[in-house]
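Have a look at these structures, which come just after this line.
One chain, chain A, links the two complexes that follow: it is found with chain B in the first and with chain C in the second.
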Partner chain A sequence: MSETYIARSSSIAARALAGEMMIMNSVDSTFFTLNEVATAIWQAADGRTPLSEIVRTRICETFEIDEAKAQADAQQFVAELSGHGILLVSDQPLAQEATR
Partner chain B sequence: MSLMAEVGQKAFDLGLPISVHLDVTYRCNERCVHCYLDHDDHGEMTTAEIKDVLDQLAEAGVFFLTLSGGEVFLRRDFFEIVEYARHLQFNVKIKTNAVMIGKKEAQRLRDLNVDTVQISLYSHRPEVHDAITKLPKSFERTVKAIRFLHEHGVRVTIANVLMTENQNDHYGVQKLAAEIGVMYVLDPTITPMMDGNTDVLALRVAGESLPEIFKNPALVPNQEEFCAPPPPVSEGDLDGYSCSAGHSFCYVSPYGDVFPCVQFPLPTGNVRQQKFMDIWNLSPQLKEVRSIQGKDLTVCSSCSHLTTCTRCPGLAYMEGSMRGPSTADCEKSFYRTGIATANMLMQGLSKPRTTAPLVQIQPLAVSANA
Partner chain C sequence: MSSPSNRSACVEIGGIPISLSTADPVFFSLLQKRYEGFLCDSRPEFELEFDIVEPRSVSDDDVRVTRDGPDWLVARGDFRARLDPSQKKGIVRQNANPFSLDSVLRILHSLLLAERGGFLLHASSGICGGRAFLFSGVSGAGKTTMTRLAPSDITLLTDEISYIRPNELTGTEASGYRAFGTPFAGELAKPGQNTSASIAALFFLEKGPENRIEEIPTAEAVRRLMRNILFFAEDPALTEKLLSTACDFVSRVPIRRLTFYPSSTVWEDVRRFEVSAHV
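Now for the complex of A and B:
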């Protein structure tokens, strides 16, 4: 099974508010907030670390979540954000568009 | 409550600066008759200083960043500032008269994913607009820029400030905005000049004309709700406070002075001398602003409009007390609903004063870049 790599789009605005991420897509002004778990995935989306590794090291260990369920939820979350154009997804490592 | 409103409320409750308005210059290529600014440069922050402030604002958690002036494009480094702000992932809104925006600038703003460009347009009639800006051909240049930006996919809002000079032109400006395909906002608020001069207040649209604006469905879609009598004031309302100035929002001048809001000239510190977060957390003035609750308002706490009034604490401050009423907003509340305000009742007035006794009670401390 191929790996999934994720990177944050440069077209968005993002900031953490009390541990949760606020994200706005400049294309259509869609506004999102991410919960603590989703924020951890977002912050780890450096384009180089495989999603499975992010889930294993940043999610399962920190939040004590079952890995199989966490991997499935993460795939769904990534697909959703990708659909809104705020997360870039590839089966190859990606250049990180935004640095912060 | 929308998700955005929820987030705003969360920032307000936590006392976090989610939104900042940064004027990068007071210089301007227009000389609008109603403008409150001194356009001389008294020592604007350098590019490096502004970048440092942006770093601090990002660190502080600021998400919404408005870059304004003066005319922002008079700064040769303006695109460098915007680029840096976007690099820090701010949601950037720009306020400009747009006369310096051509196709190249429009494309660059699009490429930088700026959220919105808000452009001042006073009339659909060139002669009226140009007479207000005192810049010949400014209407032509501004409208051309609006079209460029729209064609390049940049979200544009036309801001139509109403005053005596153009008070009947809002229909025409709104129609022009619809024809181009951009958003439109109307603002009937004229504020005193920063040096305390109140002559510009003579340009305010007379209160008697406000109902025509408030009851125009093209300008105010939710008529019934907007003009409805205010709901009864509860205990919770008296314990709360609605304006975000100093709570989750603040203003930074081109000289680094920090204020609770653009029209709240209470100096709280300067980013050239202190870290932004030290000012935000430790300023006695900001602490005082944050301490005010509905029940502390000297006149408004007994007003039936308390929960729906747009009372501006900055204008109240300029009238003499940040806990007092803002007469311009009393006027709006009265003409919106037809119900007398506590301020009117206290003074035995059957209709609001036509001019507010505004005074600049504390001059702005202009910090020259020595």
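Now for the complex of A and C:
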């Protein structure tokens, strides 16, 4: 099974506030807020670290979540944000568009 | 840019004077009448020249604001505009419809405000006891109702689009924000007064069986605020600036949920909130 790599789009603005990540897409002005777990994935989206490793090291260990469920939830989350152009997804390492 | 045959009027909203010029005498008198309370003799900070074309219906299409090099291109079904921020000039091609004119002006102000740490908000607003109160919410939440219920001593700033800028860095208002009156009228069909006041609070409205004012968690406040800000530009830098402004606004201005039963008693609760905020 191939790995999934994720990177943050450069067309977004993001701010951490009160434990949540606020994200606004400059292309269509859509606005999202991420919970703690989603924020951890978002912050680790450097384009080089496989999603499975992010989930294992940043999510399961920190939040004590079952790995199989966490991996499935992460895939769903990534698919949703990539659908809105907020995350870039590839089966190859990506150049990070923006560091926030 | 303005040709010799053009006539121009300077319209100052939110402390930003903008010159509007056109060779069309009918359109010129329309804009003079529409912005009557906001005409000024100030030196304009931006100049818009209007090229009036054959009438077309006002469009429901989404407006698009994109960059073309240093210029802004603004497009909707009923108008096209090219704005040059470096020269502070723009050309607008539209029909003589006043709603198109309002839209162009609002978009220009939203761009100018974003750079200055301000924004336009879907909210009615009024001055009570020398301070401005803003009422925002989804369509039907009661923005216009709040202005209809306002007692006679309330100064109406707008029933539709609130104009918000950081306070000038003077005196005790240094860290807050200020709301300005606008000529952009909604259902009330009545322009706001050309005045301003420091903002006391922003209420997000919901109708209910009784009046109740409640705190909103910070993140939720930013979320609600962002959903109601008028912003059109497809530009990462301005988007970044706007999100930063929204977070700053939430940290400096009390934001509450106001559940209200549509009667004039709601303004008594607003007054009490103003008093308690100063105790």
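Note that in this section the second predicted complex is superposed on the first by the 100 of 100 C-alpha atoms of A that agree within 3 Å, B and C clash if a C-alpha of one lies under 4 Å from a C-alpha of the other, contacts with A are read in each partner's own complex, and residues count from 1 in each chain.
Rule of thumb we're sticking to: a residue touches a chain if its C-beta (ideal position, glycine included) is under 8 Å from a C-beta of that chain, and two chains touch if they have at least 3 such contacts.
Source: prediction; values computed, not measured.
Partners chain B and chain C clash in the overlay (superposition on chain A). In the superposition on chain A, contact of A:Phe31 is made with both chain B and chain C. With both structures placed on the common chain, the touch criterion links A:Arg15 to chain B and to chain C.
Touch criterion not met for A:Ser2: it reaches neither chain B nor chain C.
Clashing C-alpha atoms between chain B and chain C appear in just one of the listed stretches 7-15, 43-51 or 349-357, and that stretch is 7-15.
In the superposition on chain A, the residues of chain A contacted by chain B and by chain C overlap at 10-15, 17-18, 22, 24, 26-27, 29, 31, 33. Those residues of chain B that touch chain A in the shared complex are 3-4, 7, 10-11, 14, 16, 18, 58, 61-63, 86-92, 113-115, 155. Across the complex, chain B is touched by residues 10-18, 22, 24, 26-27, 29, 31-33, 98-100 of chain A.
Contacts from chain A toward chain C in the complex involve residues 10-15, 17-20, 22, 24-29, 31, 33. Interface of chain C with chain A (complex): residues 217-219, 222-223, 226-227, 231-236, 238-240, 242-244, 247, 250.
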